[in-house]
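Look at the two complexes coming up: chain A is in both, with chain B in one and chain C in the other.
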Partner chain A sequence: MRLAIEGIGVTGGFGVGVDALRSALQAGTLSYQNLTVEHHDGAKDNFLACRATTEGLDRFLPKRELRRIDHFSKMSLYAAHLALEDAGLLDADLSRTGVVVATGYGPLKTTFNFLDSYLDFGYSCSSPTHFSNSVHNAAAAHVSMQLKLTAPNLTVTQFEMSVASALLSARQWLEEGRVDRVLFGAVDEYCEVLRYCRRYFFGGSEQGPMRPLALEAQTAMVGEGAAFMILTRDDGSAAYAAIDSMVLGNHSVAPVELPPATLIVAGADGHRECGRWYAETVNNRPVVACSPYYGSFPAAAGFDLVAAALMLRDKQLYAGPQDAGSGLSPSVDSVLLSGARLASLKFGPGGDYGLICLSR
Partner chain B sequence: MSVKNKLKQVLIEDLNLEDLTPDMIEDDMALFGDGLGLDSLDAVELVVVVQKHFGVEIKDMDEGRPALQSISTLAKFIEEKQAQ
Partner chain C sequence: MTCPVPIAVTGLGCLSGAGMNLDENLATLFAGQRYPGPPIRFSTDHPVAYPVLELREEFKLPLDEEQLIYARTGQLALAAALEALTDAGYDEVSLRSKRVGVCIGTTVGCALNCDDFYRDYKDGNSPGMSIIERYLRSNPAAVIARQLKLNGPVQTVVNACSSGTDAIGLGAFWLRAGVCDLVISGGADELSRVTYAGFSSLMITDSSPCRPFDVNRKGLNLGEGAGIMILERGDTVEKKRIRGRVLGYGSACDAHHLTAPRPDGAGLQAALAEALQTAGVSPQQISFVNAHGTGTPDNDRIEGQVLQKVLPGVPFLSTKGYTGHTLGAAGAIEAVYTLACLERGEIPASIGFVEPDPAIPVAPVTANTSIAGTVALSQSLAFGGNNAVLILSAEGA
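Take a look at the complex of A and B:
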């Protein structure tokens, strides 16, 4: 069964809303913030990051209702409302709209805040609000509660495979008729502990530029954001694009089979350890990578999906700013012909892959 | 800083009452319901806030109910406990 993408809502380093992402893709505009993390010994760690804003969420929800909701869930709420608005569904009957959220890390900042309060003040002084917001399904729960959605609600966490894996559930729900519509989201957030871990494990200074298709180089730069889509059973008139199929697997066990005559939107995001899998599979295929527009984080696969859907709707291939000269991609005509097919391909470090094929 | 003023400040910070300033919270304003508009979840958080910032434990509802009426009652409760 094909899924139709009927609405999109996003917040990320590029700004807020699908038009902001489209503008960035069209103009090749990258938006990074200078961040500094001060360590306990006074040393300062300076780096660049793609941060997402939730400024403007009070257009949909009163500030008082948001006061117990953390940044992770606010990003999700914002993107969810924007997706509904984009699809013209803000005032629609949403009683048969399910919620599926994919996240690689969950609400990191709140999780570590809760752990800090436990370590600093003990069990009796650990914040109950931090605890309730620290669980991975907090964002999906806030979305359902604020929008008064009573249909099924699910959060899927499988690091880089979270988005593809969650999409399987969304399709299953629609196929079984359990819901008529799925509010599908992908979200991850930045926090200082994440920066510490990335520096420890990847060593890079994250000063840019991010070159996702320089597959042997570690050029990842941390990002965050939320991308939500309205998915329905496709009747051939999808507002953006249709998702034809999705396949998950492990390339070292069952090699990925890329469909012929399909442009690849690679989820490559500057991680050398994942890069080798793209090098093995997409070499000499037409490929673009859009991760520099939103940064590196597991749920960025949701943004790849959005970028692919935008390209199909606009009939325009938005090449990543660092694609030129990478030597990987043969020249690609920037105009997508009708009938064009795109595939969003995401690899994890161990060869796990998610392949999502889209067409108009 | 007086206990009342510190209470108002930590209430705003820890309960994320971003739309309020300490001056807007009257000493005898009801914390819950029509006054400050806090709810039962805030009550649980308030117990933690009081213990964390003032070192005073609210052990049960019998103790907590009269203490958690207003800034004045809570400040009085904290000062009495701290004096013991």
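Take a look at the complex of A and C:
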């Protein structure tokens, strides 16, 4: 069964909304913020990052409803409402709309805020609000509560494979008729501890530029954001594109089989450890990577999917800003012909992969 | 809509504070024993030492040195998976001819609850990455897939306390869709200082051994463990290898509150209705219910009221008194117990229950009780308002 992408809502380093992402993809515009983390010894760590905003969420929800909701869940709420708005469903009957959310790390900042509460003040002062918002399914819960969605609700965490894995369950729900529609989301957030870890692992990089198709170089730059989509059973008239198939596996156990005559939207995001898997599989095939527009984080695979859907809808290939001259990809026509197929391919560091094929 | 393809259960594995394998667990349950105590593996400055149900300290997981690099939840998941695969007659070599999926529920097993690392970071000590590296390689479903060199779909479900129930239901979907030939499904969670602090902050932990459905219940006891079911398509498995079947699964969301169940129980009722419908069975065919029964005032009251409404007169119990609340593992451990009890034709006493609560119109069994029939139900309620229900049958019971 094919899935139709009927609406998209996003917030990320490029801005808010599907038009903001499309504009960035068209113009090749990158939007990074200069961040500084001051360490205990007074040393300053300066780097670039793709941060997402939730300013404007009060267009959908009153501010008093948002007081105790953290950034992770606010990004999700924002993207969820934008996706519904994009699909014209804000006032629709959502009783048979399921929620599926994919996240690599969950609500990191709130997890550490909870630890702060007892490390600073003792266990008896542990914060119940931080604890209850620190569970990975907090975002899905807030989305269901604010939108009154009582149908099945699922959160999946599988690091880089979270999106492909969660999509598998979304498809099954639609195929078996459990729901008529799935509000499908991918979300991850930045926090200072994450920067500390990335600095430890990757040295003092993350200064740009991000060159995802320079597969032997470590050029990743941290990002965050939420990408939500409205998925339905495809009847041939998808607003954006149709998801034809999805396959998960491990390339080191059994090699991934890429479909013929398909342009690859690689989930490569400047991590050298994952780069080798792309080098083994996509060499000499038409390939683009869009991660520089939203940065590196596990749930960015959801943004790859959105970028692929936009390309199919617009019949336009949006090459990544650093693709030219990478030497990996043969030159490809920027116009996507009718019947074109794209495949979103994401590798994890151990060779685990998710391959999602789309067409119009 | 009923399930179009029967899903066979061909292997079971379980470890918890009640025992290190399924046989030990059942012996503990039917002997009416439990072993709550203060936490052994961590300490806090709480003025009250809330009892927990930990795996015995002397227990050594049946894993080699390479497998012990994983965080505890990953180890628990792997140990239960190996028991279940052995029960199903598989080893690493025989699995390679199959497309094998892994679907595991957890909560602690995916959270960056590394408070030792974070304390060092806060203190400006530049902690190393060994704890983070362990976290990154310990996603429970990925641990099983990596250790067994599997090449199928891998999914870690994080629906809080219904995760284990959901993982089994989702694994059944994969089989029906033909995505894989066999699914290692279930849940795993370790006891953690972080969840210990968190649940005590919510004031829903009992300072005594927990008392599900009792009028004097004060809250839950935390536990740890793992439960695994090996699922295969029933139409491709020799009948003699089948221990039971997953007949139905249902889930629904309260959309009400982050931690409290919906007062009218509508979400749980919707999950029960879907499970009964997909199983194609009537409430009268249910032999017993393994309830969520945490021992918290709200959960047990709402759950009891829904049981009276949807499944009146059906015997039920909570096994949380034996295992503690094992969070993401709970639904899976209880599903394993449910099938094992169907095979035995009896259920254990709902330990901790003594005095009925006038606010709850039903009461759990107070002694080991014989049951008739081959179909039973296991249900979970969770943070985030998730409700999930499995309907299972035993083969030849």
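In the analysis below, the second predicted complex is superposed on the first by the 359 of 360 C-alpha atoms of A that agree within 3 Å, B and C clash if a C-alpha of one lies under 4 Å from a C-alpha of the other, contacts with A are read in each partner's own complex, and residues count from 1 in each chain.
As a convention for this text, contacts are C-beta pairs under 8 Å (C-beta built on N, C-alpha and C of every residue); 3 or more make two chains touch, one makes a residue touch a chain.
Everything numeric here is computed off the predicted structure, so don't read it as measured data.
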item: Most chain A residues touched (candidates chain B, chain C); value: C
item: Which of chain B and chain C A:S165 touches, first, second, both or neither; value: second
item: Partner chain(s) touched by A:R67 [first = chain B, second = chain C, both, neither]; value: first
item: First (chain B), second (chain C), both or neither touched by A:S124; value: both
item: Contacts of A:N153 with chain B and chain C, given as first, second, both or neither; value: second
item: Touching both chain C and chain B, counted on chain A across the two superposed complexes; value: 117, 124, 126-128
item: Touch list for chain C against partner chain A, complex; value: 1, 44-47, 107, 110-113, 115, 118-119, 121-124, 128-129, 132, 136, 139, 141-142, 145-146, 149-160, 166, 170, 173-174, 176-177, 179, 194, 197-203, 251-259, 266-267, 270, 274, 382-386
item: Touching residues on chain A, where the partner in the complex is chain B; value: 63-64, 67-68, 117, 121, 124-129
item: Chain B residues touching chain A - in the complex, by the definition given at the top; value: 14-19, 37, 41, 44-45, 48, 51-52, 57
item: In the complex, chain A residues that touch chain C; value: 39-41, 99, 103, 105-106, 108, 111-112, 114-119, 122-124, 126-128, 131-138, 140-142, 144-145, 147-159, 161, 165-166, 168-169, 171-173, 175-178, 193, 196-197, 200-201, 248-250, 253-254, 350, 352
